[in-house]
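What follows is a pair of complexes built around chain A, which joins chain B in one and chain C in the other.
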Partner chain A sequence: MKTKARWTVVALPMIAVLLLAGSARLRAADQPAGAEVKIDNFSFGPQTITVPVGATVTWTNRDDIPHTVVSTDGVFKSKVRDTDEKFSYTFTKAGTYSYFCSIHPKMTGKVVVQ
Partner chain B sequence: MADQKLGFIGEKLQNLNKDGIDRRGFLECMAWVGTGLVWTVSGGIPVSRAFAAGKDHTVMKGGELSFVQISDSHMGFNKPANPDVAATLQAAVDKINGLATAPEFMLHTGDISHLSKPEQFDNVDQILKGAKAKDAFFVPGEHDVLDDDGKSYRERYAKNSQGDGWYSFDKKGVHFIALVNVMNLKAGGLGTLGGEQLEWVKKDVKHLKSSTPIVVFAHIPLWSVYPEWGWGTQDSEQALSYLKKFGSVTVLNGHIHQIMQKVEGNVTFHSAMSTAFPQPAPGKADSPGPMKVPAEQLKSVLGISDVNYMQGQHSLAVVDSTLG
Partner chain C sequence: MFPVTGFLGTGATFAADLNLAVQVAMGCALIAGAVLARQKRFTAHGVCQSTVLVLNLLMIGLVMWPSFKLQVSPALPRRLHKLYYGVAAIHGFAGVAAELLGLYILVVAGTNVFPPRLRFENWKSWMRVELALWMVVFLSGIGTYYTWYVAAFR
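Entry: the complex of A and B
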C-alpha cells in the first residue's frame, strides 16, 4: 500500500509537468518567433527587419547614449531608452512600419510585417 | 611675448586684407582662439587684440556687456567618456568665477540634462547657483524634452516663453533671441524651428533699429555643420533672413560638443564646447557619440565661452577657454 502511494506521489507530478511542458511547447509553436533589433552606434541593426504577423519585435539599446523608437505613422512610440533598456512592440497587422529615433532623427529603420 | 604675437597677427591681417576672407586664413586665425586672444568681427574682417595673460585685461575695461555661454552639461550621463559630469560642470563654474570681467549672466545652449529627469535638472541648478553670474537663460536640447514634449523643461527654464519655449530679452541695448529647434523632429531630418516660431521671430525684430546688436541662441547649429549627423537646422535660413537688416548678428549654438565658427556677411556663428564630454569632428568617426579621451586630457576638450560686447564696436567678441 505504502509503495503504491509513493509511486503516485512521484509519478503524478512528473506526468503533470510533462503534460504542461508539452502544452507549453505547443503554445510556443503557435506563436511567431520574436525578433531582435540592436541599437548601437546611432543606428538600428538590422535597419530593415521582416517578421510574420503577430510577432513581437524587441529593440535593445547597446549604445552609450539614449535613443527612442518612434513610428513615423504614430503606431508606436517608446519612452526614452538608455543603455541596456528595451522596448517591445507586437505587430498584429501586416504592413511596412517605418520608424526613427526622435532624439537623433537621422536614425531610421523599418519593420516589414507579412 | 605679446609683442611677438601682435607682429605675427599684424602680418596675417595684412594678408587677409589683401586676399579678403578666405577659409584657410580665417581658420588659421581661429587657431589662436582660447590662447588669450580676443577676436572681434568688424565689417566681416576678424580683428584681433592680444590681451596680456593674467589679470590685466585692458581690452575688457570699458566693456559694456559681458556674459558667458555654457552648453551640453548632460547631467545624468555617467559612461566612460566622463563618469562625473557634475564635477566638470563645477569646474566650468569655477572657470566662470575666475574670469577677469565677471559675466552678468549665463546662456546655456541646451542638453542641460541627459534624460530630462527632475533630479538631473535640480543638480544643474544647484551647481549653477555657485556661479557669480546673477542670471541664467536657457534653451532646450533634445535631451531636455524627452517623454513630456518639454513640459518640465518649460516649467523650469522658460516660464515666460511662447510655443515650445521661445522668448527674447534685452540687455544693455543687445537683443537676445532664444530659439527652440529640438521639437517635432521628423524622421531623417535636421533641427526644426517651425512656422509658428519663424513668424514670431519676424514680428519680434520688426521694430528694432538695424544698429541693434542681435544674439540668437539655440541648441542645434543654425548653420549646416554636418547634415549627415543631423548637425544643422532645416529652416534656419528663413529665420536668418528676418535678421538681414541688422549690422551685427551673433549666433550661439551647442549640440556638437566642439568649437566651430563661421562668418557669413554680418552673421557670426559659434558653437561651444560641452562641459560634459567631447564629440568627434564631422565625419571623423562612425557616429557623433561621446568621444573617449585619456582622463588627464578630458578637461582640455571641455570648456566655456566668454562673450563681450563693447559699445561702439557693434560686434561681439567670443573667447573660448577650456576647463584645464
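Entry: the complex of A and C
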C-alpha cells in the first residue's frame, strides 16, 4: 500500500508536466508563425517569402536610408520607416501579395500566403 | 498624383524622372535666356527667365520639397556626412537660395515694389551670380538623382 502511494506521488506530477507540455506545443502549432523581412542595401530580403494564412510579416529597415513597404494592390501601406523601424501586417487571406518601396520603386518583394 | 515607376530606366520614381527632365529643359532655357540678353532682346530674356523661375517653383512644391521633407530633413544634421543626404542637402539649400535670389531679381526688374535702397543697378553682376548659383543647383541636383536612383542600384 505504501509503495502504491509513493508511485502515485511520483507519477501524478510527471503526468501533469507531460500534459502541460503537450498542450503548450499544440497551442504553438495552432498559431501561425511570424516572418521577418529585412530591408537592407536597397533590397528586401528574402525577396519572396511564403507564410501560412494568419501569419504576421514584419519588415525591419536595416538601411540607413528611409524606405516604405507598399502593396501593389493597395492591401497594405507603411509610413516612411527610418533605420531600425518596423512595419507589420497580418495576412488573413491566401494569395500572392506583391509590394515595393514607394521611394525607391525598383525595390520589390512578394509575400505568398498559403 | 503621379504613377510610381519612372520612365528613364533607373531606380527613380515617375516624379523624380519628370523633375529631372524638366530641370534639364529649364537649364537649357536659362542658357538660351542668357544668350537673348547678350543679343539685347531683353523682353524675350525676361519672359524666358521668369517662366523658368515660376516653373521651378511649381516643381519645388510638387516634387522636391515633399521629397526633401520626407527623406532628408528628418536625418539632418546627424547623417549629413553620408553622400545620400549631403548632396541632397547642398542641392536643397543652394536651390532655395537660387529661387529666392531669382524672385528678388524678377521683382526688382519687373516692378517697383521695393524702395530704391533695396534695388540694384548692377544688373549683369546679379544675373551672373544667379546663373552661376543655378548651375550649382543643377549639378547638385544631377548628383542627388545619381546617388539616390542610379548608384544605389548598381
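Following the convention adopted for this analysis, the second predicted complex is superposed on the first by the 85 of 114 C-alpha atoms of A that agree within 3 Å, B and C clash if a C-alpha of one lies under 4 Å from a C-alpha of the other, contacts with A are read in each partner's own complex, and residues count from 1 in each chain.
Methods note: contacts are C-beta pairs under 8 Å (C-beta built on N, C-alpha and C of every residue); 3 or more make two chains touch, one makes a residue touch a chain.
Quick caveat, the model's predicted, so the values are computed rather than measured.
K.L.:
Evaluate whether chain B and chain C can sit on chain A together after superposition, giving fit or clash.
P.N.:
Here the two partners, once superposed via chain A, clash with each other.
K.L.:
For A:42 in the superposed arrangement: first (chain B), second (chain C), both or neither?
P.N.:
Both partners, chain B and chain C.
K.L.:
Have a look at where A:66 lands relative to chain B and chain C in the superposition and call it first, second, both or neither.
P.N.:
So A:66 meets both chain B and chain C here.
K.L.:
A:108 contacts which: chain B (first), chain C (second), both, neither?
P.N.:
Once the two structures are laid over each other on A, A:108 reaches chain B alone.
K.L.:
One more residue to check, A:84. First (chain B), second (chain C), both or neither?
P.N.:
Neither partner.
K.L.:
Using the touch definition from the top, say if A:98 reaches chain B (first), chain C (second), both or neither.
P.N.:
Only chain B is touched by A:98; chain C is not.
K.L.:
Superposing on chain A puts chain B and chain C in one frame; which of 26-34, 44-52 or 98-106 is the clashing stretch?
P.N.:
98-106
K.L.:
Based on the A-chain superposition described above, do chain B and chain C contact any of the same residues on chain A, and if so which?
P.N.:
Dual-contact residues (chain A): 42, 64-66, 80, 82, 100, 102-106.
K.L.:
Along chain A, where are the residues that touch chain B in the complex?
P.N.:
41-43, 63-66, 68, 72, 79-80, 82-83, 98-100, 102-106, 108
K.L.:
List the residues on chain A that touch chain C in their complex, please.
P.N.:
For this pair, the touching residues of chain A are 42, 64-66, 80, 82, 100, 102-107.
K.L.:
Provide the residue numbers of chain B that touch chain A in the complex, in ascending order.
P.N.:
Interface residues on the chain B side: 79-81, 114-116, 142-143, 146-147, 185-190, 228-230, 286-290.
K.L.:
Looking at the complex, which residues from chain C come into contact with chain A?
P.N.:
4-6, 10-13, 70-71, 74-75, 79, 82, 84, 148-149, 152-153
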